[in-house]
Structures are given as C-alpha cells and as structure tokens.
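Structure incoming, see below.
In order of appearance the chains are A, B, C and D, and numbering begins at 1 in each one.
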Amino acid sequence: MTTKIEELKYVKNIMREIATYVLKTSEIVSEEQIKRALELLVNAYRNNKTVLVMGAGRSGLVGRAFGMRLMHLGFRTYVLGDTIVPPIRKEDLVIAISGSGRTKLIITAAEAAKSVGAKILAITSFPDSPLALLSDVVVIIPGRTKISAEEDYFARQILGIHEPLAPLGTLFEDTTMIFLDSLIVELMSILGVSEKDMSNRHANIEL
Amino acid sequence: MTTKIEELKYVKNIMREIATYVLKTSEIVSEEQIKRALELLVNAYRNNKTVLVMGAGRSGLVGRAFGMRLMHLGFRTYVLGDTIVPPIRKEDLVIAISGSGRTKLIITAAEAAKSVGAKILAITSFPDSPLALLSDVVVIIPGRTKISAEEDYFARQILGIHEPLAPLGTLFEDTTMIFLDSLIVELMSILGVSEKDMSNRHANIEL
Amino acid sequence: MTTKIEELKYVKNIMREIATYVLKTSEIVSEEQIKRALELLVNAYRNNKTVLVMGAGRSGLVGRAFGMRLMHLGFRTYVLGDTIVPPIRKEDLVIAISGSGRTKLIITAAEAAKSVGAKILAITSFPDSPLALLSDVVVIIPGRTKISAEEDYFARQILGIHEPLAPLGTLFEDTTMIFLDSLIVELMSILGVSEKDMSNRHANIEL
Amino acid sequence: MTTKIEELKYVKNIMREIATYVLKTSEIVSEEQIKRALELLVNAYRNNKTVLVMGAGRSGLVGRAFGMRLMHLGFRTYVLGDTIVPPIRKEDLVIAISGSGRTKLIITAAEAAKSVGAKILAITSFPDSPLALLSDVVVIIPGRTKISAEEDYFARQILGIHEPLAPLGTLFEDTTMIFLDSLIVELMSILGVSEKDMSNRHANIEL
C-alpha cells in the first residue's frame, strides 16, 4: 500500500505557532526568576559543584540537551538516567524539569536531593505544584493550559479547527528547550566561555 | 563564593533569535521534501513497519523526542541507543538526524540499515553530505552557516556583539525539534489520531 | 608516570569466588519461586502483555540485559530508562530488581505499576523488604550479607584478608544476571523458541 | 489463559553451566594480558585520564556495569551511549567490549579513538578480529565457539540435549561481567581504595 501526500495542512502553521509561542514566552518569563536561576548555576560552576539535570519523558530529553551544553561550558554536570551519575551532596545543584510539576519519579528524586542538602531549581508551568513548592528557585515556563484562550482563538480562527494544535506537552517542552539554550548564551557571557572553548569540550565519539 | 546577577543581557534576545530562525525556516523548508518524508512515515505506519530514529548528541535527543511522539501516534518505533531495539528489515524506515550529515557513527548505522533494504530519511543541513547522498528522502533544515550573513547582521546590528549567538548546532537542533513536532500534527490529521489517543499511549511510568 | 604490575593477587580468586557463589545459589534458590516467576512470564507472553523490566544502577543494567533476551524470545518487552516505553496496563508484568528491596525510585515505580493493576515480580535478597511486600511473586537471590559467615571464612582462610571481597552489590548483581540468563533457557524450552529464532530477532544496528 | 509450570528442566543446570564456564575461564585467562590491562587502567587513574567504556548490546551493558565500578573507584570514567561523554584525547583509555570483535559501530568508535591517540583495551574472544588488531592491549575471554567441543559434551552427556545451552553471546557476556568485577577488586588493592570509599562515591539518586 502506498500513500501519496497531496497537500500540507499543518506543518508550516504549527512551526509558526510554536515559534510564536516562544516569542510570547520571551516577553512574559520572569527576569527575576531567571536571575536567581543563573545565580544557582554560576555558584555551582565557581564552587565546582555537581549539577544534576533531570526530567521524565520529553522533558528529560530537553534536560539532557541542556546538560550537554553545561558540560561544553565546563560545568561538572550529569543527567539522571545516564549510567554514570555521581552522588549528590550538600550545595550541589539539581535542575528538575516537569511541565505539570507532578511527575512522581521526579518528585521522589528531587526530595532525595533536597534531603542531602542540594539546591533545587525547578522549570515548570505551575508555581503551586509539588515540585515548585519543594524547590529553592522556580522558573515558570507556560504550558498550553496557561494561555488556552489565545491558543483556542488561534486554532479556531486561523486554522479553522477546534482541537488544540501542538499536542500534550509540546509547547512546554519546545519552549523550555529554547529557554535553556538561551540561558547557555547568558552563561557563556557571564563565565567568559567562547564557542571555541565549547567546541573543544564537545564529544568526538558519541551516539 | 556567591555571585549576584544584576542584569540579563542575552536570554530574551536569544529566545527571540531562535524563534525568529524557526519562523524563517518555516518559510523556506521545502514542501516537496516534507511531502516525501510524510509518505515514508505514513507508509511505514500503514504497513506496520518498524521506524528507527537515530542521531548523535543533541540531534539524537531531538530524534528521541520525535520517536516518543511517533509511539504516541501508534507507530512501531524505536530509537538507536535504547536497550530495546529490534532488527531492521527491508522496507523498514530509518530516520537519521545530523546537521552536518557527516557524523561517523550515524553514517555507519545508516549504511547498515541501507544494506538490509531499509528506507532512509535524513534530516540535515547539507544536501551534498554523505548522509544525504545515501538517503532515499532528505529534508533540509538550515543550520547556522546557511544564513550566516543575516545572522551576523542580526548579531552585530541588533545586539551589538560580534560572536555568533546560539552556539554550535543549537539553531539546527531547536529548529529540527519544532519541525518534527509540526510533522506530528500533520500525521495526527492524516492518520486520524486524536490528542486523547496519544495521551492513552503515553507512558505512565517513565524516567 | 608508568606503573608496572608484577603480580596478580585477586583476579582469578575473585572469579572463582563469584562463580562459587553462583553455584551455591543454584542449590538454594527456591524452585517454587522460580515456577511462579515463569508462570507470570509465560502468561504475559501467551496473552501478549507488556513486560517492563526495571532496576536502579547495576541492577538496572542486569535487568536491561534480561529485557534484551526477552525481546529475542518474542516478548513485548521494554525497560525503564529507555526512551520508548509504552503505558503499563492491568495484567501487564513489571519485573523489579533490587538487592535491598528498598531503592526509592524502584518502589515508586512499582507502586505506580501496581496501582494500574500490573503484576509485579521482584528479584531481591530480602523477602521482608518494601519491594518484596508489594510484589505478586518474589524470587530471593541472596546478596552478600546472607552468607556472610561462609564468605568471611573464604576471605580469611583462602585469601588471607579480612575485608569482604566482591564489593557492594556485586554478588547479587552477577548472580542475578546468571539466574535470569538461566530463566531464558527454561523459557526457550517452554515456549519452543530456538536459538536461531532468537538470533533472527537480534538487533542488527545497535549500540 | 493461564499456564502452570510443573517442573524446572534447565534453570539450575544452566546456572551451574555458566558458573562452571567462569571457573574454567579463570584458569585459562592470560595473566600477562590481565597485567597489561591493569597497567593501562592504573596509568589512566594516576594520570587522571578519561576512561571511556563501550560495547554494543549486552556487551555494552556489561561495560556500563564496569564503568559504574570504575567511577566508584575514583576513575574519571564515562560510557558510550550516555548523554554526558567528554571528548577523548591523546593518552585517554578506551575499553571496547565485543565477543566477536567485529561489531561495526564499536570498530568505528575505536578507530575514532585511536585516531586521536587514545589507548585501546579490547575484551574479545578473537585475537585476530578487527577490534583486537587495532587495540593496544587485548584480553581474550572465551566465547561459546572456543570451547564448543567440551560444551557439546556437557550438553549431550549431562543434560541429554543437543542444542547448545546458554544462547548467543551469553557465556561471553556473563564471564566478562565477572572478569571485570574481579579486575575491580585487584584495582581496589593496587589503588588502596576501600569498599567504604566506593560506597561514598555511589550514586544516591539513580535509575
């Protein structure tokens, strides 16, 4: 059986939808929260503390992509789920990513980190979630439910359909990916790390 | 030692830079290439073929995020690097993601897939790269070097700095993430899969 | 600085120690427990249920090695920590490996599986551990503490040292690896799967 | 459908078969090869070089289990396939595990490591394999084919069956796991690392 695709209905619209969402988020994300997040990161770097990044599912993959860049910057960084993860100690930094702030394994892991005196930085859509409440610093990245009215408008008016478009956590995940990549540039500047330095720390054998 | 961050220089600008890059890409990505990519995917789905997604480093993480969504759509999908990966057979689909199109382990793996008669879909910035040349269908997602003039302009004029901004493969990776998430919505429509169907196929125990 | 190694003190002795430990365990592991474990596995296979294998650290790696073989046998199997993990439903089988039976993330995950009606098979050293108590079937594989007297004797008399030899969970992990590989052969016989069938289901592109 | 298991035919026999195979291997593995392998490891440790462990499939899992223990000993160690892998440099150590010595992705990766001047330690059954030939030091761990006559004898005479018992690479993988765990004890002695030191370096948050 062979299918022919005659016409694209969504691809380019959704690319625009997600990019527009990121633009909106860049306007509303809290500068104060970002500064506090950067302070945790810079202090971990300068005091040579371990930074452990974690998240479940696609949020975990976004966290891993951030962890790689932290390594390129010279951080002593690890990601939950890798084989090689050292113990977390007092004053180490744990970065937990969860749109809902309610992912059980992440909360269990964050509580374990907190119990040994690590700092917790949460990236979540919900300031009142269990994850946010146990964290030292929270950066709120909106998920779909947070701007549902506008989105529904977008969906109904522009594309003529009633279902929300980017499914499930997509908007949170993609926006968080780009937000964290933007933090990396700020950290390059603060820590005086050039792109060439990062390239030199890039894996030369990897999958 | 404690550092205070007084002022953000880049975070919001870089979020805008990346989002703007995605918007530009949505205009220039080839509809014809996208249609051919969708045909490979839809045929794999309808003929119950295995889809193996692969990439190295951050491109691999973007591929894994896409693989998860393919699973939510009901594809028989796997990602290279997972413990559980079945053999690839004739007419299965391998999706290889590499900005440069030159990543050795990915080319080795794609050649192995080709030798058993699998179809190869490449996502890369370079149509003349070894990966593109061995693939059945190629979707070109531009990387930084492809629009360097504009970007340099952007960097110099708007932000007043000389270094390129989003480092290394960031623009390719983030744009590919959003492009692939947009393909998912097109596939939802073509295959008649609702968000609720996807939610029902979402892992309930995961890290 | 270059170091020369003049003499081996432990390698061959420890290989013998671990192998001897496996031999002892083959005598004392409960046939009744093994039969009940096999029943859970065979029923999952015959009813096409998902089998999710999980463990933390080295126990998780042993579980992954078992998961691969289950896939070769034709099971619908996944391992926690892989990118691709489907939802767990009523009557699916979760295999949890933990020497202590107290690993927090594993207990959290096992409880989540139990709450949706999955069957839980635990491989642990401790029949009274939280993991064992919440499981449907438990196979006890002894860990070091369980036969410490003999081991201490072995260490003191044969090798002339006072510390236990194979460190931490090594004896549990290696014995469990071999025990699970032995279950695979029993399953080959019960399910009528030949080595050639398994070879045909072996990944041809993998890392 | 419910299956009852009335009788175990293989489990305990196979446990004994594998343990006996490990015992035999402990007699025939080359002391000279082990000493040279230990020298590479000890020099990496004392000169603070990166040790990258790699293997495909179940050999890769055995490698990861070894990598974890190297971390517990205080090595600067990583495993191929983890998210966090630093670049490999001149004089770093790559440990490649492949029963056949012919696994394509592993040879590609080992060649890449060699090209930057890293040392390669191979664990394989075949001294003439491509992997062995490009390595600085090789430890031969026999796989099934190497002692097939004896094994066939064992299978036929003792257990009354004609098929080889532990399927595919099982004997190589399990024996290598135990061999590498035995190397760990030798390294504890050489480097003066106690079990308590190792326990202090054990992950306290892990999956």
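Here is the rule we use: a contact is a pair of C-beta atoms (placed from the backbone, for glycine too) under 8 Å apart; a residue touches a chain by one contact, two chains touch by 3 or more.
If you're wondering where the values come from, they're calculated on a predicted model, not measured in any experiment.
A.B. asks: Which chains contact both subunit C and subunit D?
C.D. replies: A, B
A.B. asks: Between B-C and A-B, which chain pair is linked by more C-beta pairs in contact?
C.D. replies: Answer by contact count: A-B.
A.B. asks: Indicate the whole-number Å distance between the mean C-alpha point of subunit B and the mean C-alpha point of subunit C.
C.D. replies: 36
A.B. asks: Taking each chain's centre as its mean C-alpha position, how far apart are subunit A and subunit B in Å?
C.D. replies: Whole-Å distance between the two chain centres: 17.
A.B. asks: Return the residues of subunit D touching two or more other chains; collapse runs of consecutive numbers into ranges.
C.D. replies: 61, 64, 68, 80-81, 83, 105, 109, 112, 202-203, 205-207
A.B. asks: Show me the residue ranges of subunit C that touch subunit A in the complex, using the header's touch definition.
C.D. replies: 61, 81, 83, 104-105, 108-109, 112, 207
A.B. asks: For a test of understanding, state which residues of subunit D touch subunit A in their complex under the given definition.
C.D. replies: 52, 64, 67-68, 71, 77-88, 94, 105, 109, 112-113, 116, 200-207
A.B. asks: For subunit A, which residues count as touching subunit B in their complex?
C.D. replies: Those in contact with subunit B are residues 1-6, 8-16, 18-20, 22-23, 25-27, 29, 31, 34-36, 38-39, 42-43, 46-47, 56-58, 60-62, 64-65, 68-69, 72, 80-81, 105, 163-168, 170, 173-174, 177-179, 181-186, 188-190, 194-195, 198-199, 202-203, 205-207.
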